[in-house]
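Just passing along the structure, written as structure tokens.
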Amino acid sequence: MSRVGVKKTYKLYIGGQFPRSESGRSYAALGADGEVLARVAQGSRKDLRDAVRIARGAQESWVGRTGYNRGQILYRIAETLEDRAGTFVEQLMATGSTKKQASDEVAASVDRMVWYAGWADKFAQIFGNLNPVSGPFFNISSPEATGVVGVIAPEEPGLLGLVSRLAPVLVPGNTTVVLASEKNPMPAITFTEVLDTSDVPGGVVNVLTGFKDELIPWLADHMDVNAVDAGGATREQATRVQEGAVHNVKRVVLPSSNGADQSPYRIAAFTETKTVWHPKGL
Amino acid sequence: MAITRIPDTSHEPLLWEYAASRESADIVSLDEKYGLFIDGELRAPKSRKYFPTINPASEEELAQVAEAGKADVDDAVASARTAYEDVWGPMAPAERAKYIFRIARMIQERSRELAVLETLDGGKPIKESRDVDLPLVAGHFFYYAGWADKLEYAFPGITPKPLGVAGQVIPWNFPMLMLAWKVAPALAAGNTVVLKPAETTPLTALVFAELTAEAGLPPGVLNVVTGAGGTGSLVVTHDDVDKVAFTGSTAVGKLIQSELAGTSKRLTLELGGKGAHVIFEDAPLDQAVEGVINGIFFNQGHVCCAGSRLFVEESIHDRFVDKLKRRLNTLRVGDPMDKNTDIGAINSRAQLEKIEELVDSGRSEGAEIFQPDCELPTSGFFFRPTLFTGVSQSHRIAQEEIFGPVLSILSFRTPEEAVEKANNTPYGLSAGIWTTKGSRILWMADRMKAGVVWANTFNKFDPSSPFGGYKESGFGREGGRHGLLAYMDLGET
Amino acid sequence: MTLAPARSSVLPDRITTPTLRTFLRGVPSVDEVGASERVAALSTRSIKKESKRAALDLMIRMMDLTTLEGKDTPGKVVQMCAKAYRPDPTDASIPSVAAVCVYPNMVPYAVQATEGTGIYVASVATYFPSGLSDTKLKIEETKKVVADGADEVDMVIDRGAFLAGEYFKVFDEIRRTKEACGDAHLKVILETGELETLDNVRRASMLAMAAGGDFIKTSTGKVSPAATLPVTLVMLEAIRDFHDATGVQVGMKPAGGIRTSKDAMKYLLVLNETLGEAWMTPDWFRFGASSLLNDVLMQIRFQETGRYSSPDYFTKD
């Protein structure tokens, strides 16, 4: 007799915890053949509200860490990701990737995370500037995290898309609320377990699974979200983000302004340049 | 032995009134009517509409200015597009640089005329337009001219490419300086421009446009369409405009952001502010007084980065406020053309009414008002420099941008409290810190949610220094290397 | 031995170097860039017509016409006194200067030459310009110039002691000199060119005022830089703070390097907009200068004739 397997419950990731949706809802994540892989939590506007509140609470401490420390934590994510490669390959294959495609995607995701980890203690040197003003002043510009950033992860590829959008947002010290791929949410959920075991402080990354059309308006309109990476949004969804952004002058990165997936300008898009002046005198 | 005479102290002091010292307006010769600057020449608007622009210090009409309608904006954008594709885009960057250098030099040559016109049309004191605005305007063009053929060094990994046609809408508080902040980097990066100046201060932009023609700038590279908000909207929503840059109120900025929703036009916004100015007990107090005065009364307080909220450490609150009040009494309010005027005219009747309304709210909310009893001119729009003490965070005058010579004074006890109160606003443009303790300056500067932090100084600007806000104060930076990014394609190698 | 009471309302009960150090640390710091900006801004004021004429007249009335040269002789001093009384022999409307300022040996000649003119005689003392001598000798010198008829004494502080942190020594010397002055007014020269920082200038100003100086003065004229606008601003601000704290009014004398009426105008502007009308009198402000006078006279002549004048038309002494 074969043993009865124990199935996992796929939940949200908010504040370093794995709650169910407060709405009590879930939806079926389907495999390539249309079979139900699992039921995953269907996040609600209240879950999103909680996630934003927690992300805001975590931001001061995350940005207050040194770049070196954030870099180490991001590198630790890469280590744990590599360690869980098997699970990710299985999940990617379940949604239609070949074994090779899945392995390549996982490898690329690990490498991308390592690449961004290395930027944490360097990006300010590239995007900052000592400005030679014409007067007796010390004048320096440096990039700072924008604050709380909503990340709309691409539908495809399930893991690499998420990592590519999330990592650059974390590098300068933003905290995030991520809307996972709607049709392929399993890698994102497994990724939250990676985060949870990689020294990432609770609340720095919050991941909601659910229906983007339901959640995006609440994210777009939220007055305590400073920026949204709409890279994984449809054209209509991106427009909805732009419309909501108006309420508090959110910064919006559009799918059309993607640029390269692996670029320090991705980091720069979620920073604010602060310029500090001080007189030089006796 | 001689007897020492005790020096007496009975000489009558001199009550020294400064005689009027008016800058001559003769250097400016205005046309009765101005057309739109399209394709290298001033031309009558197809709209056939004109509106008057007045001197806010006298309420006298200076000239009639065209109001650009849809057909006019279409022409301007088409001219900019053609110039971009045929001339300015393909031009060798070093050649573009020389045009911009030439413009910088011509601004210096005509700086007195432009300063006088700026003051006549906008109401700011001549000493400011002469000593601050115009030198910075020339400086901006000079700075960005040098970038035009060095763009490949500006941003690692990026092949410099312009965006195309930039639609730029600028405000009335620093008409020429805001023009420079927008036009200089746009041209240096290889874009062409359609500029919409503010309706109350269009004249220097038109004279500047003529100056560029005189400089030989190819037709269409710069177009100036005058008008009010409707014209601005036509510019920013035009399908063939690739990049929109706006400086002005947060309300209008939001409107533009919403007009652009659904498009992928590049946008930068430089919006309002409610700058916090924090004074610690160990500050260089007399320089801090000057910093606070300059922070709120420079340009009648029509400054988005004005230090309009003052936080004074409780232990020196009363002493500092006394010093401020005494200083307020020495401010000279009046004729902007008088070289000794410190505070000139409020830019428009509408702005004056807005200031009056908010000051009334401060009174009725229970804050205590202080104004020097200086005489104000009988015509024109003027407002006394004003302090409010006993202000609470919840008062409207501590929250809303007044954009006038009105300072709200609050107190704090600890650095943490100062930071918390300073950041307790949807805006995030500027902040000031006064303390002699170096480590505290850096600690505070790290925590201020503001794009520009002035420590032991205030209201300093430089072409090489990036400027722009956090949160509802907008996004993108103007000035410095960062200012180029707003006008460049991010396509990477 | 009892001394004249110090202006104790700003001072601790027991005056020692440590308590003075604490007192001076409480003096607000000065940002040099900000102070320079302030005077630069005031320097752009444009003073015309009758307000210019009033200022030019006041400059003369505020002048300590000075000769402090090793080659000074009674003859030179007497000639200068004549110039001090009638700066422009062709124009009786031109006022006399406030005082003449000379070396100790010249005091008797100056006293004689100014008799009945209302012009005060100021003498430098305390081993001017270095001040590097025993306190006892400095006091003796002060007593001598006062006995010879000096109405005002311009002393120098011990900069070495100040920079070495020996505040009581500096304080005590000023206090004793003040006592030795009797009824004569004491101007305390800080020699700001040797103090170098504006923080030092401000602290030395407070120390000098607390110790009893009637005026504080920038410079001996023998050290470069002598008077500057930022230094003068900072000293005026110290005077304002001292007045706020004690109610005692102290005068100000920039000296050295002020050669043109255009320069002097800037000092008056800084004075007028820092301390205000109450100080706009020779009782509370003096210019220590020698060549300034003729430049002011040339400006007045220009105002009256509308033609730029020439030094040939003004007497040297």
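Per-chain residue numbering starts at 1, and chain names A, B and C are given in the order in which the chains are listed.
Basically, contacts are C-beta pairs under 8 Å (C-beta built on N, C-alpha and C of every residue); 3 or more make two chains touch, one makes a residue touch a chain.
Since the model is a prediction, treat every value here as computed from it, not as a measurement.
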Core chain by centroid distance, with centroids computed from Cα atoms only: B
Interface with more contacting C-beta pairs, comparing A-C to A-B: A-B
Chain of greatest Cα-centre distance to chain A: C
Between chain C and chain B, distance of the C-alpha-averaged centres to the nearest whole Å: 43
Chain centre separation in whole Å, for chain C relative to chain A (CA means): 69
Where chain A and chain B are represented by their mean Cα positions, the distance between them in whole Å: 37
Sites on chain B at which at least two other chains make contact: 456-457
Where chain C touches two or more other chains at once, by residue number: 31, 33-34
Residues of chain A whose C-beta touches two or more other chains: 137, 279
Contacting residues of chain C [partner chain B, same complex]: 28-31, 33-35, 37-38, 44-52, 54-55, 58, 61, 108, 111, 120, 146-152, 182-185, 234, 237, 244, 268, 272-273, 276-284
Residues on chain A engaged by chain B in the complex (per definition of touch): 126, 129, 131-135, 137, 139, 141, 146, 226, 239, 242-243, 245-249, 251, 254, 256-257, 259-260, 263-265, 272-279
Contact footprint of chain A on chain C as seen in their complex: 31-34, 36, 196-199
Interface residues, chain A side, partner chain C - complex: 136-137, 279-282
Chain B residues touching chain A - in the complex, by the definition given at the top: 139, 155-158, 250, 253-254, 257-258, 260-262, 264, 266, 269, 271, 426, 428, 441, 445, 448, 450-457, 460, 462, 464-468, 470-475, 477, 480-482, 490-492
